[in-house]
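Right after this note come the structures.
Look for subunit A in each of the two complexes below; its partner is subunit B in the first and subunit C in the second.
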Partner chain A sequence: MKVSRGDVEHIMKLAYLDLKGEEKEKMIHHFSRILEYFAKLQELDTANVEPLSHVIEESTPLRDDEVGEGLSQEDVLGMAPDKEGGYIKVPRIV
Partner chain B sequence: MELCDMPAWKLKEMISKGEIGPEDVLDSVFNRIDAVEGTLNSYITLLRDSSYAQAKEVKRRLKEGESLPLGGIPIAIKDIICTKGIETTCASKILKGFRPPYDATVVARVKRAGGIIVGKTNLDEFAMGSSTENSAFGPTRNPWNPETVPGGSSGGSAAAVAAGEAILALGSDTGGSVRQPAAFCGIVGLKPTYGLVSRYGLIAYASSLDQIGPMTKDVKDCALLLQVIAGKDDKDSTSIKLNLPNYLEACEVKDLKGIKIGLPRECVSESIDRSVARVIEEAKRVFEKLGAKVVEISLPHIEYALPTYYIIAPAEASSNLARYDGVQYGLRLKAGSLREMYLETRTNGFGEEVKRRIMIGTYVLSAGYYDAFYLKALKVRRLVKEDFDEAFKEVDYILTPTSPTPAFKIGEKIDDPILMYLSDVFTVPVNLAGICAISINGGFSDDGLPIGIQIIGRAFDEYGVLGVASAFEAETECHSRRPYRR
Partner chain C sequence: MELKPVIGLEIHCQLLTKTKLFCSCPTDYVGREPNTIVCPVCLGLPGSLPVLNKEALKLALRAALALNCTILKKTRFHRKNYFYPDLPKAYQISQYDIPLAVNGYLVIDGKRIRIRRVHMEEDAGKLVHPTKTGRLEGAEYSLVDFNRCGVPLIEIVTEPDISSPEEARNFVMELRSLVQHLGVSDGNMEEGSLRCDANISISVDGKFGTKTEIKNMNSFKAIERALAYEINRHMEVILSGGEVIQETRHWDDSKGITTSLRGKEEAHDYRYFPEPDLLPLFISDEMVSEISKTMPELPWDRRNRWKMDFGLGDYEVFVLSSSKVLGDFFDACVREIGKPKEVSNWIQVELLRIVDDLRLKIEDCYFAIPYLKEVLELLEKGVINNQVAKAVFEESIRERRAPIDIVKSKGLEQVSDEEALKDAVKRVLEENEDAVKSYLSGKDKAFNFLLGQVMKVTKGKANPAVVRKVLEEELKALS
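Showing the complex of A and B:
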């Protein structure tokens, strides 16, 4: 299966990646090769097979709603590249 | 033999008898690091000073009579596992400078058990790779032959343990990332059953497949470390509550009478290296000598496991790695608008293979392709799991090569993703099925490179798998060879 340049550009947009030049060409090339490899799965008839998204198929376990220890605001903000007044700062959006 | 080439259980005995102290082991390990790290590049961060401080603390705790399963043993941690206050990079530029404000559960448990964290090891960026070449900090080299790769993605941990730059190590295994490098470096690597070991603090690659596992010099050390890290953790809702056996007792198994081992005919095809086929043939004879019955079985869907994995893992990764946008942690590149900041940061912060997997994952989840790729892969995942369910009705364990070849040359596969992916062909089915498997050294190639054999067990039968591996080890000599041993 060949992937078109337009497809790859669309996926780049969805994935928030902006590849250019040689890197983009290489991506298009490898992308097609990998999709061709995936085509092997079409040999199998899976019409009556249930998908398995997770090996633990029980429902999500719930815990009691009790206050526990968490990270402090200081700890969390300490990781951010830019902050001000108890907030994470980003470029102007409006 | 130098201390750094000894297994942890032996060093523990010597420490408890007062023959040596934890700082003697550290001296030996750091001497070896000074001698070989310039060649190998196993570590991203070394923690020399804090190691000696930890050793002092462990000595005090031992003196007070505390029972410490890892008391004074130097351990290396793959740099995708969070360590409080210590830079955790995932070998990616995008996490440069990231210091987690908490310890991963496994790290907290290692510390509580008296383990001494000597450093953070190199890996393929975000654990995506099979050679440790995809690292922003340069490739790690294989101590058996520095021209070859150590495997991946936990290649730094594997090289460090093999070379005596650490006594024990932790790795993570999403599609073989503990077992394949263990095989390439001639050590032991265990991928526990999904849910046995907490993933809290393991930076996510593919959440339904990731597990942390021990990488050690022998099977007994593997049991020792597994005992420390296994068990329910309230911070990981997928970790399972169960009564843990004493894994060290499994290592007392002397024979395998009454045990049935399956050898899948799909795993001894012509596509595997001649030396690997020979090692499997020899292993089969060893198991028979130990009293096990080795029978041919079939895993008919195993050939579909690899493309299935390379759809599911990137799909999960594309979602997990959406968080790296320059806002909350790590790298941020300056830009005029928020959208440009995201684009600049992600495009420059991620390496080539990571971007490839994010793109593939985004594609297989996108409108119009979801059913044909992602949903199809989930269905085949069930077929792969059912193959194992069927096989385990007939046999107790399954024997395969860990990888189809011994360690390959640096640069040999880096430009051909599919060729690189094939290195994981025997390990990924185990992650898809969520069961457990160990890789141990089964012998050597004609060029003197180690070759791993994989023993696969039922879900939560780590005890049994360790027993089979231990019996094999007791019957063979190959595991005791070390690249730098004098």
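Showing the complex of A and C:
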């Protein structure tokens, strides 16, 4: 299965990545390898196998609706590269 | 060529839980300092793990059951991946291939609108754009508040069964009333606890057309206007031989138009995959039956009860059930006063207007129930007439003063004594010779004018029925 340059560029856009020409070539190669691996898996007959998304067949734990301690505003803003008046400041979006 | 609008809705409701969907941060973000109710889970910090809120699950199930859905026994969560500054994890935990519930319906004016699915997901944060309009365009930078991040939502998706803007509005009104009655959500569109997006297309001779999605409809009125606008736009494109482009459009309420969001949103490619931090979710029969058993009275049951027990009409019960607080207030009034028909009428005609004028909330008007009771008694005993009763009721609410006090201190008791009214009638007849002449020459309209003059002279206190009788007699004597 061959991945095209267009596929890689689309994924780059979705992942907000900026790759150089040489890196793109490398990605085409990596992506193709991954897909080849899955193509191999798909050779198996799974018609009678239940799809499995989680290894443990148990229901996810539930918690009671009780308020707990969170982080302070200072801690939150301290992790951000830029802030303004209690908010996290981010660059122009469009 | 037969053109028909085809509308489907996607509605998000914030659930009335104390804490967020996957962490124990509180959900009451309105009016809070930014970034003060967040934790490693809702900020998506490395090493944190989400744990599902049991109450959120119960509320979601309650809504799904009330919408006549089939609850799936095994469901799961997915990651919906996209980059946006209001989403700190860069994915939203949502549901994808196996939602919580499917195949329901809600009846609107006798028509079943099918519900395709109901699923749980988490809300995103809030962005503030420091521009004059508050909109994103032209902002040099944006500010992020993560307080809303992780607040539990249900998304309700309909089949494209809705065929007019009015029906869409009625659907959302009924759904809001439902989630309020269920205690699932407060359904406040202005504050964004209930949000509605629409998919719309035009079918041509029964063949489906291209869809557009409309966002940013923040009121019932906006839903109706935006859909009417969009239907027209589609029709014009189709009738001029053009093709509708599949895209997302933004409703601009002040301009009354939809505009394309093309280019601002990357084509939807969310690369969903099963959330590895959560196990699948098994819904037991016990849980479902427990929730079914504790279902509160639903809006349609309430309306039926009002019709059957109180003899109210369709329109009356529709207005009274439009919000849960109004329906609760009406029920409280009837418990206290009885007389459901009169009470319904007084609430709808007088109280809603007064509440609007005085900028009150219905839920803060319980103090007025004894006042309404007293006004209706005074009216029934003939102590005051209808006009005075309305004015006294309004004043009693405004001044928080018992109606009987107002009536006594202002001397508003109705005058029903024929002799006492005869003087007033005679005076009016003397002072309005022209009207009398015109009445006597056959112009019946003049009678009402004269009646009005007598009411005016008696400062509105006269018993209109007695005035009518005396006036008729006196005019007869003149002819």
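The rule is simple: the second predicted complex is superposed on the first by the 92 of 94 C-alpha atoms of A that agree within 3 Å, B and C clash if a C-alpha of one lies under 4 Å from a C-alpha of the other, contacts with A are read in each partner's own complex, and residues count from 1 in each chain.
Rule of thumb we're sticking to: contacts are C-beta pairs under 8 Å (C-beta built on N, C-alpha and C of every residue); 3 or more make two chains touch, one makes a residue touch a chain.
Bear in mind the structure is a predicted one, so any value in this text is a computation, not a measurement.
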item	value
Subunit B versus subunit C as contact partner of A:27, first or second or both or neither	first
First (subunit B), second (subunit C), both or neither touched by A:12	first
Partner chain(s) touched by A:66 [first = subunit B, second = subunit C, both, neither]	second
First (subunit B), second (subunit C), both or neither touched by A:90	both
More subunit A residues in contact [subunit B versus subunit C]	B
Partner chain(s) touched by A:49 [first = subunit B, second = subunit C, both, neither]	first
Touched partner set for A:76, first subunit B, second subunit C, both or neither	both
Common interface positions of subunit A, toward subunit B and toward subunit C	10, 14-16, 53-54, 56, 60-61, 63, 71, 76, 88, 90-93
Residues of subunit A defined as touching subunit C within the complex	10, 13-16, 53-54, 56-73, 76-77, 84-94
For the subunit C and subunit A complex, residues of the former touching the latter	17-19, 23-26, 33-40, 43, 51-57, 76-77, 81-85, 127-128, 136-137, 139-146, 264, 266, 269, 271, 274, 276, 278-282
Residues of subunit A that touch subunit B when the two form their complex	3, 7-8, 10-12, 14-19, 23, 26-27, 30-31, 33-35, 37-38, 40-44, 46, 49-56, 60-61, 63, 71, 75-76, 78-82, 88, 90-93
For the subunit B and subunit A complex, residues of the former touching the latter	98-102, 194-195, 208, 234, 237-238, 240, 301, 303-304, 307-308, 310-311, 318, 322, 325-332, 335-338, 340-344, 346-347, 350, 352, 355-356, 358-360, 362-364, 366, 373, 375-383, 385, 417-418, 433-434, 459
